[in-house]
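First chain A sits with chain B, and in the next complex the same chain sits with chain C.
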Partner chain A sequence: MAITKLSGSSLTNINKYDSFLAGNAAYDPGAYYLIERVTVGSGGSSTITFNSIASTYKHLQVRYVSRNTTALDSFLIRFNSDTGSTYARHKLSGDGATASAGATTATTYMASADYPTGTSTFGAGVIDVLDYANTNKYKTMRVLAGYDANGSGLIDFRSNLWQSTSAVTRIDITSNSNSFAQYSSFALYGIKGA
Partner chain B sequence: MANTYTLISSVTVGAGGVSSISFSSIPGIYTDLCLKFSLRGNRASVYDQIYLDINGGGTAATARYVMGNGSSASSGTTGAQIALGTGSTATANTFGNGEVYFPNYAGSSYKSYSAEGVNENNGTEAHASLFGSSWSNTSAITSLLIYNNGGTISQYSTAYLYGIKNS
Partner chain C sequence: MADTPTKVPLATTTLGSSVASYTFSSIPSTYTDLILVAWIAPTLGTGTSIMAVKLNSDTTNYSGTGLLGTGTAVQSSRYTGLSGLPIAGYNNGSGTGNINIICHFQNYSNTTTYKTMIARADNASFQTEASVGLWRKTPEAINSIQIYNYGGVNLTAGSTFTLYGIL
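And then the complex of A and B:
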């Protein structure tokens, strides 16, 4: 029989709480938040933009898979729409046979590993920016990324420097040539530190 | 992933710098630990070695690394080192960016962990290094001590310790 009426006089040993949290363990929302995810549609996209990034986190992380519409390609990454020669970048790279290192200074963009074209092979990477809103620091980006195309490929461990103490509020990730192909996907996470 | 990633403690270095950064009384309630750090040291160089002592440093760690310095790549062995951080002659206001990941830090086997770090500089020389490390001790990790070759970790340096649960 369904309960259709409940009166106070039918209950015994009643504990009344003013909060639904009473008697329960404290809720821990964790420190790792998805801010936004962008997945490229059928027409492709030349630039992925994360804008109006709040300063409520301590660190940012971008996790991505990417494929180019036409050819092996590289990234152009910029903060806060800054196109000046305010960046530097360095890399440790392996191609399956040889390890190498390189540097580019006083340059106009940051980078991740080159990424492939093809029907189903994507490059993958993780980009970390610690203390992205700390106005006492220039911003250092750490990148681990690569791909394997069954006969070619590479793995890069990279760093990038943006010589600005401004909080990072916008990230533009642009395909150097052509476009990011369909199903390329970029997710921006915020990691709390307090 | 959200509710499995919890900040345990963080440190921001104040004026004058510090000789080390310590995390102690780390509870064994997580599955893994993740240490993130953004450091600058006082070594008179573009880089400054960053080291880590576990549980007071009684057992030395061993490690293999691969490294790039902006012009060439190399590989070798080391001990407690976890990164090449930023030294005092690197571009001003520039700090390194690194992370150490400890799987099963409270388990009863020896502890293997990975470390990665970069130190930036607007010049050809800057270092990117990856470490595979082992701490030959079966104790749970309960404390971590970060220190540098130069002896002083500079103001505004930060370190964050996260616990990661599998549920």
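And then the complex of A and C:
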């Protein structure tokens, strides 16, 4: 390759930028953000709380694994510390033998699938809270959750309703009896809209 | 609270030809959950109409509970003693209807607990369903996921599989 002299006078029409990203496609970090994760320690925990949730996302998602310290148990889920009869629930469940459906209205909490006890067996779930920051509509929660314990189990579809137009800023997930056992883990994600 | 982008596509493939199974291997342990998204083209074979996943090539230690609706009936089933985790049923040999599947492998990389998977599967010409599965092998991180037909029918060309990691 021939070597030629490069002089300042040969460089013309040069654009100068302060950022190395200039001229490149915009950096897109994706639409899915971890807001907070809570993992239960050896002492157990009766309630998991996500507080001061910003309204900057379109939807929320809670992903969890859970085990009870003592027995098969259920969840109580509430928004914004509201303990009034402002909630409603529907579910479609399968226990390995029978499919069933149920509904509860004017109730004081929302729910996910029951979760097990046992040394190494955990329930799992994905909870979506849609349009959680919209102040013009009630809030709907969608749940896919269950557990299997090699001979027993449960799989649930659920929908939960909070009859409030307030933005969701706090989520409390409480074990109905006893506590969430060690290694139970709950993670809150924010999903951005267009 | 932190604000960290967390959903990462790890690998994706569209089958160029019919194969017995497809495997995501060498899955890193750096995420919290895995999400498998599958679009499976209709098969032309016959046999057991169950799609399943096998973890770390293990052929035992699986059980599951399922719930499905066919349009005229709803039912729940239990699986024990299988060589994989069932994730979807479908109509082998019909040549119509594809299956859309989403599987969540929660806390997949921990070495302390059994692994629980929850899945949703839809085949508009056959059934819609959900399932939960348990892998009871002595706890180890999931480092490979094999998707296959429990009855040995090949996966059809054009089927698409994508694996995401969730931090």
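Here is the rule we use: the second predicted complex is superposed on the first by the 177 of 194 C-alpha atoms of A that agree within 3 Å, B and C clash if a C-alpha of one lies under 4 Å from a C-alpha of the other, contacts with A are read in each partner's own complex, and residues count from 1 in each chain.
The rule is short, and it goes like this: a residue touches a chain if its C-beta (ideal position, glycine included) is under 8 Å from a C-beta of that chain, and two chains touch if they have at least 3 such contacts.
Predicted model, so just to flag it, every value in this text is computed and none were measured.
Asks: Once chain A from each complex is brought into register, does chain C clash with chain B or fit beside it?
Replies: Superposition result for chain B and chain C: clash.
Asks: Determine, under the contact definition given at the top, whether A:Ala99 touches first (chain B), second (chain C), both, or neither.
Replies: both
Asks: Quick check for you: in the superposed arrangement, does A:Thr140 touch first (chain B), second (chain C), both or neither?
Replies: A:Thr140: touches chain B, not chain C.
Asks: Scan A:Tyr64 for contacts with chain B and chain C and give back first, second, both or neither.
Replies: second
Asks: Kindly classify A:Tyr33 by the partners it touches after superposition: chain B alone (first), chain C alone (second), both, or neither?
Replies: It touches chain B and chain C both.
Asks: Does the superposition put A:Ser159 against chain B (first), chain C (second), both, or neither?
Replies: first
Asks: Have a look at where A:Arg170 lands relative to chain B and chain C in the superposition and call it first, second, both or neither.
Replies: neither
Asks: Any idea which of 9-17, 45-53 or 63-71 of chain B is the one running into chain C?
Replies: The one stretch of chain B in steric conflict with chain C is 63-71.
Asks: Touching chain B and also chain C: which chain A residues?
Replies: 29-34, 92-94, 99, 144, 157
Asks: Tell me, which parts of chain B touch chain A in their complex?
Replies: 1-7, 10, 36-38, 66-73, 75, 91, 93-99, 116-130, 155-156, 158, 160, 162
Asks: Which bits of chain A are touching chain B when the two form their complex?
Replies: These residues of chain A touch chain B: 28-34, 58-59, 88, 90-94, 99-103, 105-106, 128-131, 134, 136-138, 140-142, 144, 157-161, 163, 165, 191-194.
Asks: Quick one: which bits of chain C touch chain A in the complex? Just the residue numbers, please.
Replies: 1-8, 32-33, 63-68, 74-78, 80, 104, 106-107, 110, 112-114, 116-118, 120, 130-134, 136, 139, 166-167
Asks: Please name which positions on chain A make contact with chain C in the complex.
Replies: 29-37, 52, 54, 63-65, 67, 92-99, 120-126, 144-151, 153-155, 157, 183, 185, 187, 189-190
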